[in-house]
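Going by the order they are written in, the chains are A, B, C, D, E and F; count residues from 1 in each one.
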């Protein structure tokens, strides 16, 4: 099997999707930011009282999804038709879990948009909380679901 | 302790760093992309013969570092004076390990730039290899080192 | 009535327009920059002789329309098919009046593109003239016309 | 008096600020979005319960400030050291009032950054509420205060 | 014959392509970077051993193609469906020859995208080699081929 | 001699300029767009009467200079303190000659900013005139002058 982002000579290129039909496509990705329990408490209390970390991160993630083709060199620009981000506190992690859903009507999938949304939201959480906890870790970023397009449905096990 | 990115009323703002001196600052961050062993083999053989995944990801990471203040809502724009990315194959992961070093001479640290470089490089690796392996996971993104500035040196344990 | 940019839990999201058809859409917006009469004279004489304020502002407005989905967090990226800006001197204001027309063939309207074009042109006028007159005011920015799409035609009274 | 953004031949250029010292500079700008009373009620109730219009607009304004030199053709890029936005409901307008404060340590002022922050926040408010009220008007955008730099302090009357 | 990018009054505008059908369109452009023979040798040896100038320039060109509508004021944003760049050493120039191919399914051609890709790749080559040779020249940038759309096929003689 | 944009292993990186002092730096670059004599006539008559090609291209060039570090992967972001562009008709070319001057007070030179300004202005000229003449050629892009910084003055022969 070959890597499609390289041509026959091994040069990177943006794959030709000209002949692929524009179909409805959805991708869902997830990830998390792990932190000390007291950092999580500060955030969850803050959401109610003194600053909405998750609200800022959600917006950053949505805007990050729109920047995907600028950030990822060989990504095609796609007309995103929906982007939403869920952020939930998980005391067992402990930390915040992020899930992003992105849709398009374009010629190639929006996996990268969903993954970029998650990564941008996670980085934004780190940024907002780093004065209190520099040891946070961002992880678990993976694709949950991909629908639409010729290659069919993919669902993470 | 309070979250510095919110003011007294809980509104998000870009923290005032006007009175902080411009000093030499360095940050180093790390992360990885975990994949199936055969996917890693395809990449490492490809580096030599048929397409340089790590080369593309390194560039994407460096360019991503320059986009940090566009991506992270409350980040200050900083004049980056150095950015470099190491990507190494780790058969035990199995996958690719990423380490980014960023320097500036500005009024606040470059942790976010280093972390954003790692995340962007990781997303780029995912993009280039996803036709072969959609189940890859991006993780382990954390700050290794932060030097310069009033808050002093931070080194991950 | 609910605000569509928030989901059932009150979280901001980019509204799903996946199922809306791509139709021809037009939006026209207007606004103005009010200034001292002698500032307006300087500009209108300058257009002929010593620097074309309106020409620079028109271009900035057109380029601003293309940046709308980067600036407005929950805006969908749209393939703009036409953008034009009229700038006319109004001695009774006194100042410059701006009118922007934007078209697309996408799944949602271009009101925000037209309004952003007007605002960007107005800010550019302020920038070019501010050395002479810092007390200028930007105002009257509103939607004149919106055509196409399911919600039908809107025309300002 | 001449317009500084044009050279002797009337050609637009980015003014040479190379010989100006880097000093602490502040600018404060204001503006508003006028709407129907019931639209304002929907927003102010939403802030508590079902979606934070002002929170999204504040972030958009801060990010807009960072985009100023991309939007305004002859603006110098400046290292913003602080950006904050206040949004308050004014039932007498009726509508939302916006005030932006921006600081830098650069060679030219941040008036355009403060004005761009206000305009971007206002456009974002329009975007989020437009499904309920298309007749909203953005206005009153003007400079309240400018401090630092050779030209001295400016305060709106 | 008139210049289409200006309206009847001579004001620059983005031409209305709303009524043009979306068809498959291709453009190919070329250009070169001329340098001293020993500079070329350094690059071609470097490709194998110590740094891949052409690889970096290819990526920059592809990403540049995606930025075309941001750089060229009156360009329409287009959904690029393919972008690839060939860079070959020409000892007779002496220097590197660049050829870019871009495709879209949009309402107007991708000539500017192909030309911008070539120019960006050429500038990137200059940047990477300038420490060794500041006298390099970028030239020969022209359109080789344009296909699709009403105005028909164009091929450089 | 080695290429500075690659490290000891041949990996591309952004060169460390942390220890270089911030000094006044200037760069001047030139280039041209060659066209049929009648195309040039259309432009030069248009400047007076029906559309200012050079005015649009000048602005695009200035804005392009500000985008240099986004376009050129390993370029450092620099605080540009001046940018100006001269465009003159040359009937002997025949075509338009472009000259860009850029200044900064940063830690590395602005050659790339001046060259990018020229290339962007040239591409913009091509875009505005291409409906009349697709065979235009962009060439002669080279550095005329570089001043400031440790490596000293460079002047093209």
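Just so it is clear, a residue touches a chain if its C-beta (ideal position, glycine included) is under 8 Å from a C-beta of that chain, and two chains touch if they have at least 3 such contacts.
If you want to know which protein each chain is, UniProt gives these names: A, B, C, D, E, F = Cyclic pyranopterin monophosphate synthase.
As the structure is a computational prediction, the values presented were derived from the model and not from experiment.
Visitor: Which chains make contact with subunit A and with subunit E at once?
Guide: Touching subunit A as well as subunit E, we find B, C.
Visitor: Go through the assembly and pull out the chains touching subunit C as well as subunit E.
Guide: Neighbours common to subunit C and subunit E are A, F.
Visitor: Between the options C-F, C-E or B-E, which interface matches A-E on more than half of its contact pairs by residue number?
Guide: The chain pair with the recurring interface is C-E.
Visitor: Indicate whether more than half of the residue numbers at the subunit D-subunit F interface occur in both copies; give same if so and different if not.
Guide: Different: when the shared numbers are divided by all numbers used, the fraction is under half.
Visitor: Report, in whole Å, the distance between the mean C-alpha point of subunit C and the mean C-alpha point of subunit D.
Guide: 15
Visitor: Report the inter-centroid distance (CA atoms only) between subunit B and subunit F in whole Å.
Guide: 31
Visitor: Would you please write down the residue numbers of subunit F that are in contact with two or more other chains?
Guide: 11-12, 52, 55-56, 59, 63, 67, 70, 73-74, 77, 79
Visitor: Based on the touch definition given at the start, go ahead and assign the chain network to line, ring, star, complete or other.
Guide: It is other, because the touches fit no line, ring, star or complete pattern.
Visitor: Give the pairs of chains that touch; include all such pairs.
Guide: Chain-chain contacts present: A-B, A-C, A-D, A-E, B-D, B-E, B-F, C-D, C-E, C-F, D-F, E-F.
Visitor: Note which residues of subunit B are touching subunit E in the complex, please.
Guide: 52, 55-56, 59, 63
Visitor: Taking the touch rule as given, give the residues of subunit F at its contact with subunit D in the complex, in rising order.
Guide: Going through subunit F, the ones touching subunit D are 24, 55, 58-59, 62-63, 66-67, 77, 79-86, 103-105.
Visitor: Residues of subunit E touching subunit C in their complex?
Guide: 7, 11-18, 69-70, 73-74, 76-79, 106-107
Visitor: Using the touch definition from the top, list the residues of subunit D that touch subunit C in their complex.
Guide: So the residues of subunit D touching subunit C come out as 1-6, 10-12, 31, 42-43, 46, 49-53, 56, 59-60, 63-64, 67, 70-75, 111-112, 115-116, 119-120, 122-124, 126-132, 134-143, 146, 154, 156-157.
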